[in-house]
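Order of writing sets the chain letters: A, B, C and D. Residues in each chain are counted from 1.
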Amino acid sequence: MFTLGNFLTLSTFGESHGLAYGGIITNFPAGLEVDFEKVQYQLDRRKPGQSSIVTQRKESDTVVFQSGIFDGKTTGTPIGFIIKNENQKSRDYSHIADAYRPSHADFTYDQKFGLRDYRGGGKSSARETVNWVAAGALARQVLPADVEISAYVSSVGEIFCEKPYQDLDLSKTDESDVRCPDPATAEKMIAKIKEIKKEGNTIGGTIMCVIKNLPAGIGEPVFGKLQAELAKAMLNINAAKGFEYGSGFCGAKMTGKEHNDLFNSDFSTKTNLSGGIQGGISNGMDVYFRVAFKPVATLLRPQESVDRDGNMVTVEGKGRHDACVLPRAVPIVENLAAFVLADLYLINKLRRL
Amino acid sequence: MFTLGNFLTLSTFGESHGLAYGGIITNFPAGLEVDFEKVQYQLDRRKPGQSSIVTQRKESDTVVFQSGIFDGKTTGTPIGFIIKNENQKSRDYSHIADAYRPSHADFTYDQKFGLRDYRGGGKSSARETVNWVAAGALARQVLPADVEISAYVSSVGEIFCEKPYQDLDLSKTDESDVRCPDPATAEKMIAKIKEIKKEGNTIGGTIMCVIKNLPAGIGEPVFGKLQAELAKAMLNINAAKGFEYGSGFCGAKMTGKEHNDLFNSDFSTKTNLSGGIQGGISNGMDVYFRVAFKPVATLLRPQESVDRDGNMVTVEGKGRHDACVLPRAVPIVENLAAFVLADLYLINKLRRL
Amino acid sequence: MFTLGNFLTLSTFGESHGLAYGGIITNFPAGLEVDFEKVQYQLDRRKPGQSSIVTQRKESDTVVFQSGIFDGKTTGTPIGFIIKNENQKSRDYSHIADAYRPSHADFTYDQKFGLRDYRGGGKSSARETVNWVAAGALARQVLPADVEISAYVSSVGEIFCEKPYQDLDLSKTDESDVRCPDPATAEKMIAKIKEIKKEGNTIGGTIMCVIKNLPAGIGEPVFGKLQAELAKAMLNINAAKGFEYGSGFCGAKMTGKEHNDLFNSDFSTKTNLSGGIQGGISNGMDVYFRVAFKPVATLLRPQESVDRDGNMVTVEGKGRHDACVLPRAVPIVENLAAFVLADLYLINKLRRL
Amino acid sequence: MFTLGNFLTLSTFGESHGLAYGGIITNFPAGLEVDFEKVQYQLDRRKPGQSSIVTQRKESDTVVFQSGIFDGKTTGTPIGFIIKNENQKSRDYSHIADAYRPSHADFTYDQKFGLRDYRGGGKSSARETVNWVAAGALARQVLPADVEISAYVSSVGEIFCEKPYQDLDLSKTDESDVRCPDPATAEKMIAKIKEIKKEGNTIGGTIMCVIKNLPAGIGEPVFGKLQAELAKAMLNINAAKGFEYGSGFCGAKMTGKEHNDLFNSDFSTKTNLSGGIQGGISNGMDVYFRVAFKPVATLLRPQESVDRDGNMVTVEGKGRHDACVLPRAVPIVENLAAFVLADLYLINKLRRL
């Protein structure tokens, strides 16, 4: 319950100012020679302080595997891992202990639990995603080697990457600070983020994720459709507001004649408005989806708000915050997708006698 | 695994031309005086043949509860229910046994399972949703009586209901055949669907769902966020291509200053771009979301396609099919949402000592 | 939650005097040619009225599969099944509606749920096991063909079958009405049951179950040990009071030198006090376990008891009840074990890359 | 899947010579003022080196909670905890890397996973139970304060504590090194263990566990019976061979007239052969059960065995091992039972509207 994955599962713990984040991955198959560098590489992509347009906080985000791996190979038993918090100490949070920040989870946690860890957002902090990246980067190694999962920033505010993903070189995504593989668009996005940042404001955007070479057959008919599992994972990311795959919301404007993907004789399809999924199951074509992110709620400028007693107060974000989370969300989307796929990929092996 | 719900769960069975659909609801609390009419009412809203713009197939879709209810009250033990298939007999499906219809699940089922029940789509048939409506309509009775869940058709093709939901009388939704509560827009939608139908074509659209009076505190911090559970449920509906809540994809174009919902002193918010959810937990404001549906893949006109051996064939839908599923999807969205909410509502009762 | 099995799962519904029993089996692999006769055969072994020493109630206990099987083969989608209740009508239960029968679940259901279906025990009726036999008999067909699961009555009251199972011909179990494969012991058991029955009394006993040719590797290290999964299943059977495997409670009297099973060079072991399981995982030797059953609580003679208000009342079983459930419990134990094994067998296929 | 508990769940990780053991507890209610000393006290009861009759290994077994607790109170979010391994370094295990020790899990792990962590038994080490004690000791604090869970050693080899538990002062259990509350029996047990230990041999035994003041209503009708959940937990303990509750295997020798527990007018029962459970649900009387443990497989004397290639080898335990695990298993049984009860206790709160 409330794990990621159905058979291959991830349970996590950790809060912004606790001792550590961490998780347990169960049912990971034995015998995988773990590429630890690939795991740390993904964590490094997510960590703060990588470029001038993201937060300058410093955290090493080093994952230490505690179990389930012996002599470099997975043993088939639960894989525990820990990522220590390094900046969790001393700061004084008493000024926000009673204040509810607008569009944060302060109020809802108090309503739900009757109390909350107010230091840095506690459990509601997006730092939780560090667990998902670690687990996803490991799960990715279970998938066939040719499965490629490539996310990129497809819009920031009103600036869209208009080119279809087929016309982009997705291997170049990380070459721009904003992780948009189209250099001209990337430049505009970066300029926009810098402008917004100067104002102490923040901005939203979208991420496109493309999965190539996924075998046909992945996903389950009912209550386990591939798109539903992906949507569930993505909408657990902090700030995510929407998910669409294939033609998505545009497809809702179309007619069947326009939308149906006709087959070629090799069972590929001439178009791919389906987004590589039919009846909840992959068909061998590219799977692609888009996730919408709202602007970060923490502003580095004063906002009116209320405290626990309903008194009006002024809140103002301090220190180092992202003006736009999109660049750092790219590895989150990718590795979360990898975990979802690895889970369904393993399950699919049991679908035929 | 692959049930709907986490604590209150629904497992289902059934395929288009099997004997029956049905399901088992577990962990339903004891002592509820069941309103059977409300359950059947929701099933009747979903069933075919209700108006000139939906399929004219006749099915009574009568749910028969088999257990878990005694003297009109739930007993706290599993609730089994059955909805018999009435039209499942005799027709000859051999002509499509080997053909793969475009944008259907024929090919992916064969790839996954090595065989499939080709009669009427088998398990991939949208008739599965009859189970969800039955279970959801029952689960709805667990929620506080003032929780209102109202879905309506917000667009058909390019025709959008431009008014915000606050300006609509949602009690009038069922007064139009297309289930759009704005009469002028409804008229245009109906005209469009009739035109499309005449061509043997189909058309997509979107459904908006609004949940009023949901108490604060519903939804779980990680891997059980309210929006993620709703998205997962909605994207399991056949033909669903996207989900967004609150500001959704529009929110991704905004800045934090525009997007943050400032508090009133009674903890309501001045705006509600959050869609009633912060940190995955309801805040007491309206929860609202939108689901995109692609056009139905079955066209009543010939399409080129392939068979299992890769030979080109012509397929053509016969008989009675929906040109637009949106009107019938309205009760599906509502009752699916009801089940998700009832599950998280019960779980929330255990969140504090 | 509260299903049988972890990956291959069984959810069930039904109560003594409801319309039907039934269940849903999920994650059953596609492509199995179902042997329906084997399923019905196991149900027939469990059903009442088979011999003079069990209840003479008549129920046909015919299972009807509703879905998940097409053209005689499993499709990989959920398998729904129904077993109609035939004797559930009209009888007057008002005399026991308020009485609590000794050592029945009447009191505890009322305490838990605040109400109960008092007709024939409602959900607490052992008729629920009909579901388990149906599902188990199907699951058995997933196991390798040479896996043999043989249960028999190893004691009735003080009468024990003293021979070790290796000295018995387990194919002869069903030749005696009491299902003990040792004819001399069977005769004594039958005489004892007849005597007890004449008194309106009942008697307990034990069942031994032997699993031959189970491959090594079945069972999971932590919280999924083979013995734990078997124990859980067996202790869900009505009237079960204990479970032991291998040396069991006798092993607790021994020293390590006596108890350790030394290896042969082919990895078989010279003795098998381990009962074919080490560290929760099968080792290829026979798995065997014993289940203790208390005497049936329903006596065909008056007993003092209390009603809901604490008034003293006299209760007396009427009609047709088993004086000893052991013979009918043999197929329950076998098929329940089959389900547990099939679940762990499938899971084990995913344990190595 | 493969967690302890159904709603309140424990996932664990760790192996004998890994960096740490640890776990995640989910769905723990918010607002509990944690008594950390009670948790550490239970861990101290389990840890090695407490008396002359158990292993003299030194491990501090200090639990460090990583999350889910703030200002001494549970926050309702996942509770992560870590127990570092302190003795895991340096020793040379290459001599046993290829040997299969008799009645250990060496062979079965290799068969299942194709490899294993051979250092100190890896995942199959009983050190895993340190996680269960930590989690159980915390879960115990969720139960009503008057629920008492008291386990004690009821037999060692052939030496049985003949007195019924009602005649023992269970508060005195820890006063004897062997944790048997009957001083005369304890003395004999201790003498026996010392004798066995001198021989490099080991010995089995049984543990009785008594739960007082458990409210009526705990446990679920089907696939969640209280006895089944307890049995599953207990049979996951290393070396456990059997479980019985109430009359257990003795009850299988009795008649219904002898076995039925007649009611008093206050709904207590005159006898309690049921062991406080009817229909899988607690009835308010004492719940009691017994667990059988085989003798430890590691002998401090040479035994013949085989290696991975089937060659005969001699194995001999070295260092510090328990000659009898029973005393240290007492807190394991108690705290495991506490976790099972806390889970079902919380679930029971949702059973009525």
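One rule holds for everything that comes next: contacts are C-beta pairs under 8 Å (C-beta built on N, C-alpha and C of every residue); 3 or more make two chains touch, one makes a residue touch a chain.
Chain-to-protein mapping (UniProt): A, B, C, D = Chorismate synthase.
Being a predicted model, the structure only gives us computed values, none of them experimental.
Visitor: Compare the CA centroid of chain A with every other chain's and tell me the farthest one.
Guide: The chain farthest from chain A, judged by C-alpha centres, is C.
Visitor: Looking at chain pairs B-C and C-D, which one is connected by more C-beta pairs in contact?
Guide: Result: the pair with more contacts is C-D.
Visitor: From the mean C-alpha coordinate of chain A to that of chain C, what's the distance rounded to whole Å?
Guide: 46
Visitor: Averaging only over C-alpha atoms, locate the centres of chain C and chain D and give their separation in whole Å.
Guide: 26
Visitor: At what distance in angstrom does the C-alpha mean of chain C lie from that of chain B?
Guide: Computed from C-alpha means, the inter-chain centre distance equals 39 Å.
Visitor: Any chance you could list the residues of chain C touching two or more other chains?
Guide: 1-2, 7, 12, 27, 30-31, 76-78, 112-114, 123, 221-222, 351-352
Visitor: Using the definition of touching given at the top, classify the network of chains in this structure as line, ring, star, complete or other.
Guide: Shape of the chain contacts: complete, all pairs touching.
Visitor: Which stretch or stretches of chain C touch chain D in the complex?
Guide: On the chain C side, the touching residues are 1-4, 6-7, 12, 100, 102-105, 107-109, 111-114, 123-124, 128, 155, 157-158, 196, 199, 201-206, 216-217, 219-225, 227-229, 231-236, 238, 240-249, 251-267, 269, 273-275, 277-284, 292-299, 301, 303-306, 310-312, 348, 351-352.
Visitor: Taking the touch rule as given, give the residues of chain C at its contact with chain A in the complex, in rising order.
Guide: Against chain A, chain C makes touches at 1, 7, 27, 29-32, 76-78, 142, 221-222, 346-347, 349-353.
Visitor: Quick one: in the complex, what on chain D touches chain A?
Guide: 1-2, 7, 9, 11-15, 18-24, 26-27, 30-31, 64, 66-68, 70, 73, 75-80, 82, 112-117, 122-123
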